[in-house]
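Take a look at this one; I'll ask things after.
Naming follows writing order (A, B and C), and every chain is counted from residue 1.
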């Protein structure tokens, strides 16, 4: 290896070689569904053209509408060749997208080789320089050319396997009918040229039987063919038209009206082509609808994840107050065992959630945050949380007043920073949804109510423990909760809060109001009995739960 | 005897055939639309005493966001009425020459939509990763980094009604992305007018 | 005096912001005159208000009450927001008139504030003399025996709703008689659309029968 200085030359070369190798492995199909469907349709039409061109040759030989057949043959030859090229290189005018698939291109090469020989005979026919050899060549080789072209179509179909939609089979068979119309005409002409042509007669009979069977299956269904009866009115009408034409076609064949047969074949061809198109459109539509539905589904699943983050961040605020409240209850020797267990859980939950924001937590449904501003705020929360956590743990162990004092002194700061974290999250994942924004005010207020339920209990307990300067705070908290609840229930014009019309929301808010009715006087009373204290402690979690339900409803009901 | 039976049968058939008292226009009693390979008949409720009794008779939704939309909220985007929409469904939608778009959030769509509509909530257009996919499904093609709309479908977009913003929001975003205005139509009446005219609604499950 | 004006302006500006349920971000209500009486056209402010009357009916027999196309006779179709703006900008300044095309009994029972009544039957079999009278009321001038519409008012015509034919039956003959198309607007949603948005209507007070 040449010395490239400090570069790892060998590794570099290997990397390049690997990438080139990988390039070849990547399936070379950048076609959209629509482009591929069109290519399949036109490739399918090539099969029909092969039979048509053969038919034209025999018309010329039999001197039936010679000039028209010549002109048609010329056109078909041009179109056939142009399409072959277009399937490989693309052709904007024809609406062909280039197919890069190597298997397909190899198959087209095979078809082209056969075509080139076939073409020579056709040219001779056009120049009136044809011999019996040319005619035999066309007669004996048109089916081979047809077969190879069909293989090409199969490859395209395999590139885009249709879903379990039954109509895929209908498209395939309806498309085949097109080819059969020309095949029938071709064989009829062969019989005209040589009524003793046993091969042509056999082929004709086979063609006609198959055409009839498929047509019947398309209309009424045919299990063996894998067809269901067509229920779509406009397709059925077209098929009934085809049926009428088929009956007439058969009559012409039986009468031996060769000219009539050739003309009518074209007519039936057009009808079957239209039928094929209709089936295709029907499938296209369904595919698109399914694709869109799955896209929308994915979008909303992702959105739900983001909502969860903000939800949990909101809950953290409430937890700061709840943990403090629990510590106070323990101090007052109220439900000690229960509250100790609760406090332990809440500390664990707050901690786990905080870590989950940074590293992700599958069980909690949290993805890891990459937003720098959010991460910076989480750091700030952590700075307050770590000592809070250790004092809380210490308190659980030793029940010392110093630890309690720490919690009391720092819980509101922790609340504030937890609140800022919620704001940062909201800014990192903004909802452009104006519907959500319109309800934001209501949802925020309802969310705050949850935190207030814990705060007011904490403050009440502080008063009972004879802490100073808490009375006014408690009054404010109670007042705020009370007024916000009223606003939520009845609306507030000045604050632009609309009253709910949704029955579920109204019911839930009145449920909350009923519980509050009983609790409010107790919170405000100066001296409360033991019994009344227990009522507060018992009902407080109920109030929280019902308020939480109200928040959920406010967020999710379709019509507020 | 045979003739007599035939006549009776004929009369029975005629009597059983649906007699539309409430048509769409005097020459149009119903429109059939293909939905996932099945046929749904769009017709009007035939009970002449029938009144609409759901949230669509609410008159006063909060503003913002439910202000009254102008007749033509986006200049150059044509406003469709019911007849224009039904003609679109009959002659274009059924033949995959267009798409009928319900721009509302999925909850609304599932509660009831216009037969033949696909749900494309307006919120998707605010997500970078999704809006490109959406354009492709609508027939646009990305060529050399730019969007080409030659093959894009004609869209008729609707939402809840003249006081709803979801459709207008989506239309504005489509236009911003380059979607040709001639290929977008706005059915302003939305679900509210569709239902107040008693037209067939498709609920989730189909 | 200046202080009073300032106070009034302040009250006016704030007053426009006062309503919870507005018409447009910059329009809370519009004042118009209906037969000399001031009417405040605004939306019903009760979020629970429902439209329960006959305008919530869905299936009037068709024919004759069929759904109409969105375009009419080559004139401009307008919706509710445009109607309100028409009131504010054209009716109040005298440059425009709102026309209720229904029969007088319907008009008297309930109509859009500031609307005048030109029942469609009036124009169905009208003669030039009578038409001239009505057109003159709408601002047409007769100059040298010719009808000059250059100062004719803009008219916004409505009837009951998208299934009502009466606007068309009024507008068509008017156009035939020469009323300029650019000056005619069709409020397609009509009374039904107006009420579905909770907008103010003028209702005749029923006198208690003795």
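Following the convention adopted for this analysis, contacts are C-beta pairs under 8 Å (C-beta built on N, C-alpha and C of every residue); 3 or more make two chains touch, one makes a residue touch a chain.
All figures in this text were calculated on a predicted structure; none of them were measured in a lab.
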By CA centroids, point me to the most central chain in this structure. B
Comparing the two chain pairs, does B-C have more C-beta contacts than A-C, or is it the other way round? B-C
Centroid spacing, where centroids are CA-atom means, of subunit A and subunit B in whole angstrom: 21
So, in whole Å, the Cα centroid of subunit A is separated from that of subunit C by 47
So, in whole Å, the Cα centroid of subunit B is separated from that of subunit C by 29
Two or more other chains are touched by the subunit C residues 20, 47-48
For subunit A, residue numbers touching 2 or more other chains are 498, 501
Residues of subunit B touching 2+ other chains? 58, 62, 64
Subunit A-touching residues of subunit B, taken from the complex the two chains share: 32, 34, 36-39, 55, 58, 62, 64-65, 94-96, 99, 105-108, 111, 118-121, 123-124, 126-127, 130, 133-134, 136-137, 139, 141, 151, 165-166, 169
Subunit C partner, complex, touching residues on subunit B are 21-26, 44-53, 57-64, 67-71, 79-84, 162-163, 188-189, 192-193, 195-198
Can you list the subunit C residues touching subunit B in their complex? 20-25, 43-52, 54, 56-63, 66-70, 77-82, 84, 162-163, 188-189, 192-193, 195-198
Residues on subunit A engaged by subunit B in the complex (per definition of touch): 32, 34, 165-167, 231-234, 278, 281-282, 284-286, 288-289, 291-293, 295-296, 298-300, 303, 432-435, 437-438, 498, 501, 558-560
Listed in rising order, the residues of subunit A that touch subunit C in the complex are 491, 493, 496, 498-499, 501
